[in-house]
Every structure is written in structure tokens, then in C-alpha cells.
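Next up is a structure, given as C-alpha cells.
Going by the order they are written in, the chains are A, B, C and D; count residues from 1 in each one.
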Amino acid sequence: MTDVVSYRPAPEELSYTFGGREPVRRVEPGTIVELYTEDCFGGRVRDVGDLPSVVCEFPYLNPVTGPIHVEGAEPGDTLAVHFAEIVPAREWAVSSTFPHFGALTTTHTTAMLHAPLDELVWRYDVDVAAGVVRYHARRSDFSVELPLDPMHGTAGVAPAAFESRMTIVPDAHGGNLDTPELRAGVTAYFGVNVPGALFALGDGHCRQGDGEVCGTGVESAMNTVVILDLIKGVDTPTPRFETDTALMSAGSARPLEDAYRMSQHDLVTWTAGLTGLDVLDAYQLISQAGEAPVGNVCDPNYTMLAKVAKTFLNNPPAYEGIHARLRSTARDYLATR
Amino acid sequence: MTDVVSYRPAPEELSYTFGGREPVRRVEPGTIVELYTEDCFGGRVRDVGDLPSVVCEFPYLNPVTGPIHVEGAEPGDTLAVHFAEIVPAREWAVSSTFPHFGALTTTHTTAMLHAPLDELVWRYDVDVAAGVVRYHARRSDFSVELPLDPMHGTAGVAPAAFESRMTIVPDAHGGNLDTPELRAGVTAYFGVNVPGALFALGDGHCRQGDGEVCGTGVESAMNTVVILDLIKGVDTPTPRFETDTALMSAGSARPLEDAYRMSQHDLVTWTAGLTGLDVLDAYQLISQAGEAPVGNVCDPNYTMLAKVAKTFLNNPPAYEGIHARLRSTARDYLATR
Amino acid sequence: MTDVVSYRPAPEELSYTFGGREPVRRVEPGTIVELYTEDCFGGRVRDVGDLPSVVCEFPYLNPVTGPIHVEGAEPGDTLAVHFAEIVPAREWAVSSTFPHFGALTTTHTTAMLHAPLDELVWRYDVDVAAGVVRYHARRSDFSVELPLDPMHGTAGVAPAAFESRMTIVPDAHGGNLDTPELRAGVTAYFGVNVPGALFALGDGHCRQGDGEVCGTGVESAMNTVVILDLIKGVDTPTPRFETDTALMSAGSARPLEDAYRMSQHDLVTWTAGLTGLDVLDAYQLISQAGEAPVGNVCDPNYTMLAKVAKTFLNNPPAYEGIHARLRSTARDYLATR
Amino acid sequence: MTDVVSYRPAPEELSYTFGGREPVRRVEPGTIVELYTEDCFGGRVRDVGDLPSVVCEFPYLNPVTGPIHVEGAEPGDTLAVHFAEIVPAREWAVSSTFPHFGALTTTHTTAMLHAPLDELVWRYDVDVAAGVVRYHARRSDFSVELPLDPMHGTAGVAPAAFESRMTIVPDAHGGNLDTPELRAGVTAYFGVNVPGALFALGDGHCRQGDGEVCGTGVESAMNTVVILDLIKGVDTPTPRFETDTALMSAGSARPLEDAYRMSQHDLVTWTAGLTGLDVLDAYQLISQAGEAPVGNVCDPNYTMLAKVAKTFLNNPPAYEGIHARLRSTARDYLATR
């Protein structure tokens, strides 16, 4: 029988870094964990009048729930995180422009002499039953429904080399990858850097476009069920995802072509290993069969994924088939809850 | 009744630039044009022993068919190119690594001190009836079928400012965009820079992955049917595509985030104009509803597209509804041919 | 005895591309050529009220004088251009911001949703005898003298592969390198791509800062004396410069690290050849002894130079010692003129 | 009378991060501090047979001496660090290539499918009295003297936002800037992020070229004298340097043009404040008078400086003239020691 742990952090328990924090819970590998995560604004932006630059305070942005210590996890292992369910916790969600943040504005690094763009907040209606969110324009009557597609922008483990990183940063430890591919049904793999791995999760989006061009998704608190499991003695150099039908590698870097290179390089070498293909043969196959979903083009590192359908690899098992096992456990749990 | 023009270039008629060439044909707007295009190797790579660096000669690479002068086209107009049909012309296709070309290798610009990667050729079986191509590994027995998804890597018009550009370059005039989105059923829009527009087409791929990471797709000669039409007095700043369900803008630049920025910027401002949305409202909507298909991450400029479903815009007409009209003409022509 | 040719183009003779133009003059190798070059605004911006976006018309920007056909130049040769003298032709010069141009502003490629920065013109006093230019602030009384350091932003030959490129573009053929290193006393080397090489020159600056951050230097018409000479059968892959004390390689690309890589790569491999050093030994030596002068960070490609003092290489001769010979010829000519 | 503190860390006292460490010393503002710093290899690479990948262990690379708590330093203040003296501590120094590190090689982020370049070590003779280092080629008899120009690659304070960063990273807190401008005679300014500032120093180079293209300088332990002082209530957004004749701003980011933008942006806005110039007037002045020394083009962020001669600003005082005072104190101390 599988352990189930539920955890809803008090506001003062929220974490703003990966690394540098004591665990809030300790669980055995294989535990089902029910988590509440706050939105990237800490829940302080509730309506179009709540400007993030006024109601939020740096560096108390993008809080994560955790970290959770997984017993027995050691550097050199891989943490497998199966996302069983991601459900918006409120009937509304928000998005915004934010001064000096986003892909089409001057930022701290792409520094220009322009005045910032207007700071605006958009409030979305969230209808979980109908599976939609509703967008309302701020400066006209335009309104439209978009499909609900819940995901987490931020998920990861403590980084290596004694580092601690702001939750807004995506890197080899995971973090703020901001990819719509991190939805329910996915198993995410993270290389373990410190004892216990120290997994944390946050930044739920009801949906987001590719690249999160304005800098924020449809931001929402979430009630999320994950299974945390461990693959001993197997390293994972960069975050990877597996679904029933596809394998994915994430790369986070600037410029964006380096995120592309990192993700494609990992997918090429990973799938070469899985299939027995020579590396150049795998390079050719991924070149014709691969996809390149864009994660974020707004965070301190940009994130891209490299993705390939398992059928195009003749369906090799990855990580000893753990995805299928966790998927089955998740289905059972959700069905009998 | 619609004019139909067929043109199969002799080898010596092939063109290696956009701009700087006399037209090979002159057609009226609305003409259906049946074209044969050679593959990017000029048809010289026919088997795994034909190394591109040996059998091809710079700058006689990536030949295009054309240019075609469209009567009445003037700077400030838009050329609409509807792709009615793209059919591989042979039962085989090829792909290769090429010294100093591709995303995971040292190149002329990302210059490093490494020896080049091995130059290898892969030969694919093409089965148009079954809708598949078959990949064969070079260094093992691995083999797999991939769906046929024919497209053109290179399409465009003469550039502005008296320039003539190698066909391998993608830019505002089109060129070597190398995006899998340029398949049959699409209407492509190019801003006209010189009298007659001077449209040319080449670089057919039976399919390609996102980014064309090794530098080449599944390269094939093609028999392609396009309709060339004209939208007078309407400018198009960067190549755009329309399908029955989506609008797309292309951006070509380095680094890759600039290609992303250009494409998203054009889609935001274009759709703001189509919907009457304020630009920041459109920025928000595209941020949540938009996609970012990757074109190439290997050519002199990288290419990304920004894409949005028309339903998420409440289905505004674009370019006076020309896509639907050309689509209908194409269907009629193909049905009665 | 050395031939001397003088050429002052009429306005309608100015050229706006490298490539695609008939030569304006034909000279023998070794000829001394006295040229008048217009400023990048075509001389139309004469005072602070002359806004470039109003008085100039795209694509009639950055005119060059030329092209000059050098007899006997063939692809595979190197054109040596010794800059004997560069003298501002007027007692004033101008600089400006320009909408969507410069390093600290949204541009066509680094596309953002900001309104453009204000377009302003600055008029400098030029005192050739005193060797200074004087800056005057537009929005206060601040004024300061800066040393005169005349240079050409744009110099090069016709590109390869049937291309013709706007004069604003720097690339392997030279073009708009915009580096303060292109001053009198330098010999520049350009690989020949077409018969006659087709050298052209323009865009004089009384001085410029590293990177030309606002997009323009202290722009001036120039009276310039060059010697055009030929090195048969020796190729030059990217523009190179030589002074009495240093060797330099130029790289033009985006992102800026690729311009750095290209220039350092060429300097490493070039100096390895000159000194007999192993390439990794040269890599190490340049790593400790090399400089990296920044050219432009505002043009369609960015430009960086890699530079090393000849003494740090134990003074090997380059290009058969042509620089010393041309320098001597230039001194003699200027002394006896 | 000025306090003097001397500190030579035991090997186990060395630090590998900025942030996340307890201070090793506490000093009053104005204290003269004599520090010993180990080289980037922790002193383990002593000859050409000591390959870094063998004798060094990740993450125990690039050790720094510190951190030092400066009493009274609070977020919002500026730490002024005057470099009085930097003297190589040994008669030899080393440099190396290192697998997947450097500008002309595949790296973790610019990920390619090449085998790594050869790992080689070069050992330099250091002659402090003569003011030279001697380079010896590994694969030939070539040898040459280069001027000694001692500097620190790594200097900074604890970062903001609860972060702790590997010492190899340059960012807003300083860190591994790897610029030859950080030599004796310079006052460096760092914004304080945590109480006590927590200054640390390491990575001495006998000299380095611009960009540190192979990834390492002429690496040496150093005996260094700094004065640590405090400017209360004045923030510094990015590391800045001051010499007797120039002001400099550092920017660290990828791609390299963003490091350029950040540094130029800071210099433009800083000098606008110092001179009373309008920001666009300062933009223009820096565009013509500014320099752009390249720091590193090999670390996790690249670093560039923007630099301007004080005379071109009509010599405004910066930071209340603290540089001149510290310079004078340093001279007195060194003279009387």
C-alpha cells in the first residue's frame, strides 16, 4: 500500500529558493504527495487593480511549496516525479505585464533606455468543470474562452555545488522551466545533487503560450498530486520528461539557441543509449523525427525542450519502465480516492 | 477560368539567389503554377556514398526554381502564395551531416577548434501512397517509418534595397525558412520589394524535425502546385502563413530569441490590428494562446514562427479572406485535373 | 613610379551595396587612390534640425565610393588596402539617434513593444589642425573636446556567391565593420570573391566609441588616400588588419560571442601558421596575449576584432611583408605630394 | 590610524561560493586587509603533467579567500574595495585548456557532438622583479616574454535574494568577472546585498588576454592588499571600477551583447547622473568617447565593461571622491610598510 502525505504550507513556510532551505517534510520513495501551491504572486494579485510591483515585494516572488526530503536520495541518483493531477484551486486566475520582464520589453539584461511598458493585470475566469479559462481584454470588450491546460512552471530539486538559486531561475536542477509540457500525466526526472533531493513545486498555470512571451502565464494556486520515487545509481544530467507517448529533454540557457542545443544534445545522446544507435545515427533520426517545444523566453535562463515520439524510437523502455508503473499507481489512487 | 502554367527548369536554369536574376516566367495574378523543384543537393546525392562535400560545389547549393514575375506586383503589395499540393518526385530522399553545418557542430560562425563531425549520408525510402518515409541507421540495423509530411524549406521573393541573397539565407523576403509549417494547405504572404515580386521555390523536404538540428531534412525533389496571387496596397513586413485554422508570423535572426521576438512581435501587432485589440491586450492574449513552432536553428539566420488558432481571436478575416478563396480554387483544380 | 588616381563621385554615382554594381574605375595593383567619401547620411544631415528619418530615404543610406576594379584580382587572391591618410572634409560632423537603431533601443530584430527613443542630432565642431572634435549636449550646456581619430566604418569588396549586400552589413567581404581600428597606418586585407575585387569605401567617422552604442559615430565626409595592391594566390577568409605593431582579424556575426569566436579563431589559426605554433599552443598564447577590440554592436551583424602585438609572436612576417612596403610607399607619397 | 588585518586561509577554509558561508573575519570600514589567495586550481596544477580534470575535483574549483564581514554594511550601501597591491606569490604560474570550457570549444551550454579538445597545461615562469612572465609552447620550442599585469579574476560580495552562487559565476554581485581591468590602483564598487557585505577574493592572474578565450589566464596564487570601505546609503546596481583616470561599469550576461548592453546602460545612466547630462546626451557622449573592454567570454555569464575617461566627462567626482582618498591611504601604507 502506498503512503499518502498531504501538505499545505502556511504563508511563512513558502520557499523562494532551490537549495539553502531545510525540508518541510520527509517522505519514503514511492509516496503519493498532495500539495497546495500558491501562485507566482503569492496570491496577492487578485484583481486588475492589484499591480504586482505594488503588492509584491522582491525577493518574495514565485513561492514554492517544499522542499521535500526523499529518504535515501543521494547525489548520482534520479528523482522521478509523476504528476498525477493538477487542479486549479480558485475560480479565477491572473496574468500581468511587469516592468522590465517579458520577451518584448527592455529588461535588466537586455538593457535599453526605454521607459517600461504599462503594467497591467488581466483576471481570468476559471471553469474547471468546463475545462476552460476566459480571457477579458482590458481596453476593449473582446473576450474569448481558451482551453484549460493546467501545468506547473516551477519544479525541481536543490542544485549542485552548494548553490542556492532563486525560484525564478531554470537550470540543470529544474526550477522555473515554464513549459506547458509539465502537465498531469508526465513523469519528470531530476538528477539528485544533495542528500534527500529536496524537491519543491510551485508556479501553477491554468495554461500558457509557448515562451510565456509577456512573462507570466494564467497564474493560479493549484492542488496537485505527485508521486515521488527514486531511481538509485542512475544520473540525469538535465531535467527530462516522459509521457505515455514521448520522451523529452529540457535545456535552460541563454542565448536561446544554447537552450535548443542542450536539449537536443541530451535527447540525441539519451536516445542513442536507449536504442543502441550510434550517436550520429541518433542525431539524424532526431533531426527528422524530433520536436522542439519552447518553454520560457523570459526568465534568467531560457528553456527549450527536445521531444520525440517513442514509436519513432521503436518504443525502448526508459528508466526501467518507471513511468508506466507510476502512471498505473496514480490512476489507481485517483480512482479510489 | 484560371490560368495554369507548368515549369520544369533545366539544370542550368536553376537559381542560387533571391534577387539579381531575370525571371524565368511571367504570370498574371491568380495563376496556378505547377513547378518541379530540385533537392538542396541539386540531385547529386543519390546514395550513402555520395558525400555532399565531394559531389556538390559551393555556391551551387540549394537551387530554387524561378524567379517568377507576377504581373502588376509593386513594392508595398503582398504576394499570396497558396500551396495546393507538394508531392515528392522520387521514391527516395537523402539527408546528411555536412562539415561545419548544423546546430550541434562547430560552424563558420560558432567557430571552434574541433575537427568536423563525420560526414554521413542517410537514404530514405519514400512511399507516397502509404504516406511514410523509412529511416535506416548507418551504423546498426535500426530502421523505422516516419510519417510523410512534405514541405518546402525555401520560398520567397527578391529582397529589398538592391540586395541579392544566397538561397540558404532566411530573412524578411522569405528564403530558407526551413519550417515544417510550409506544407500543402497553407497560404504564405510575402511583402513585395521589387516589380514582379520574383517568387522562387525549392528545398523540398519529405519531412523535418523542429530546428533541422543536423542541418538537413529528408531532402527530395518535389512536384508542387501553387497559386500566385496579389493583394494590392497591403504591405507585409515579414513572411506570414495562414491555414484554415491558424495565423502565423515568421521571424529570422540570430540569436534565436530575436527570431522569437520578431515573430511574436509581428503576430501581436498583426492580430491587434485584425481584432481591434489594444497592443498590450493582444500581447497578453498571444502570451496565453500562442504557439512558437521552431523553423531552423542551423541556417545563417535562425527562424521561428509565432502561431495562434483563429478561434482564439474570434475568427477575424485576414487579407480580405484570400486564403479561403485560394483554398477553394486549389480544391477545384486538384479535383478536376 | 606609382600610379595615382583621384576620384570624387557625383551624388548619383554613389553606391549602396557591395556587389551588383559596375566598377567606377579600374586600376592596376599598387595604385595610389585618392577618394572622397560622403558621410553615412549622404551629407543631408547638416544641423540638429535635420532628422535622418526625415531627410534621408531608405535604402539610400550609408553610400560608398566605388567599386574600384583592381586589374588581375581573381577569387582566391587577397586585396591589400593600405590606408595612407584619412582627413575629415568638413569643419563639422554629425551624429544621431535613429528610430529602431542602436544597442540600447528596440530594433527590427530585437523587437519590442516600446515606442522608439527620441530622434536627436548632435553637431560636432571638427578642428583638424588641433586634432579635436567638440561635443555639445543638446539638453544642457555641457561641452567637451574629444581627440580626433579619423577612420572608415565601411570598407570592403564584392561578396561571394552572387550576393549583393546593403552597405550597412558587415560580413566576410568587409562592409560596415565600424571599428575604430580602421584608421590611417593600417593595411586591411580582404579575400577576393569576384574578378577585380570591386573595392568600395565610405562611412568616415572623426572618431567613435567601442561598439558605436547609439548606432552612429561622429559622421563625416572624408578625403582619403589608399594604396590598392594584390597578393596573388593567397586567400583571406575574413577581413584582417595589420599595423606596424599588431595583427588583427575581424569577425562579424550575431550573437556577439560568435563575432568574438570568429575573430579569435582566425587570429589563432592565422598566427599558428605564421609562427609554426601548434594550434593549441597558439590558442594558449592568444588567450594570454590577445586583445578583443569591439567594432560595432548595432549593425545587422556585430563586429569584433582579435588583436595581438607582433612582438608577442616574435615578429613573424605576414603576407610577405607587404604592409611595410605599402607603409613606406605611403610615407614617400605623402611627403612629396 | 588605519587598521591592518592579515589573513592567509588554510586549505579547508577556502570558499567555493559567494553567499551561504559564515565570515572568516570581521573588519571595520577603512581597514587595510592583506590577503593570500590560491589559484583557480587550488594550487594542485604545478606542472604540465598535472591535468586539471585529474588533480582537481568538482565543485572544489576556483577557491576564494573570505568572506569578510564589513561592520555596518547593510543592503542599499556600497562596498568600496581599493586594490592597493597584487603580487604573484610564486615563481611560476599555470594555464590550461579544460574539457568543455573555453570560447572555442563545445561546452555544457554550447553543446555539440564533438570530442573535447586536448587537455594541456602550460607552465609560465614568473619574474616579478623584471615584470614579465615567460610562455613556453608545448609542441615546439617557441618561447616569448609577456608583460606581467597582475589582476584578480574573482571578487565580489554575497548575492541578493538568499542566493549562493558558485565562484565561477559572474553576476551583479561580482564574482568571476575575469577582467584585466581589476588590477592594482583600481577601486571596485559592489552593491551590498546582505549585512556585512561578505567580500571574498580569488583567481589571481599574472595576466590574461581579452575574453580569456581558452578559459584560463596565467593562474597564480597572489599576495594582495585591499582597503575595504563603505559608502552608506548609496546603491550600486552592478560592479563598477574607478581608476585615477577612468570610470567603468561591468555587465555580466549571455549572449555577449547583453553584457555589452548592461555595461553601457549603466555607464550611460551613471555618468548622466554625475554630469547632469540628459540620458540621451550621455548616450551620445559615451557612444563617441566610450570604450568596451572585454572581460570573459567563457564563464557561465560573459562579462564586458564600459569605460570612459574622466576628462571626457569634465572630471566629475564619483562616490564622493572616495577613490582618491583610498588611493592616497594605499600609497602611504605601501610606502611605510
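Worth pointing out:
As a working rule, contacts are C-beta pairs under 8 Å (C-beta built on N, C-alpha and C of every residue); 3 or more make two chains touch, one makes a residue touch a chain.
These figures come from a predicted structure and were not determined experimentally.
Common neighbours of subunit A and subunit B (chains touching each): C, D. Simply put, of C-D and B-C, more C-beta pairs touch at C-D. Separating the CA-averaged centres of subunit B and subunit C is a span of 35 Å. Centres computed as Cα averages put subunit B at a distance of 48 Å from subunit D.
Look at where the CA atoms of subunit C average out and do the same for subunit D: the two points lie 33 Å apart.
With touch defined as above, residues shared between interfaces to two or more other chains in subunit D number as follows: 104, 110-113, 117, 254-255, 261, 264-265, 268, 280, 283.
By the touch criterion given at the top, residues 104-106, 110-115, 117, 255 of subunit A touch subunit C in their complex.
Against subunit B, in their complex, subunit A makes its touches with residues 95, 97, 103-104, 117-118, 120, 122, 133, 135, 137-140, 142, 144, 146, 207-218, 254-257, 260-261, 264-265, 268, 275-278, 280-281, 283-292, 294, 297, 302, 304, 311-314. By the touch criterion stated above, subunit A contacts subunit D in their complex at residues 16-17, 19-20, 58-59, 108-113, 160-166, 251, 253-255, 258, 261-262, 264-266, 268, 279-280, 283.
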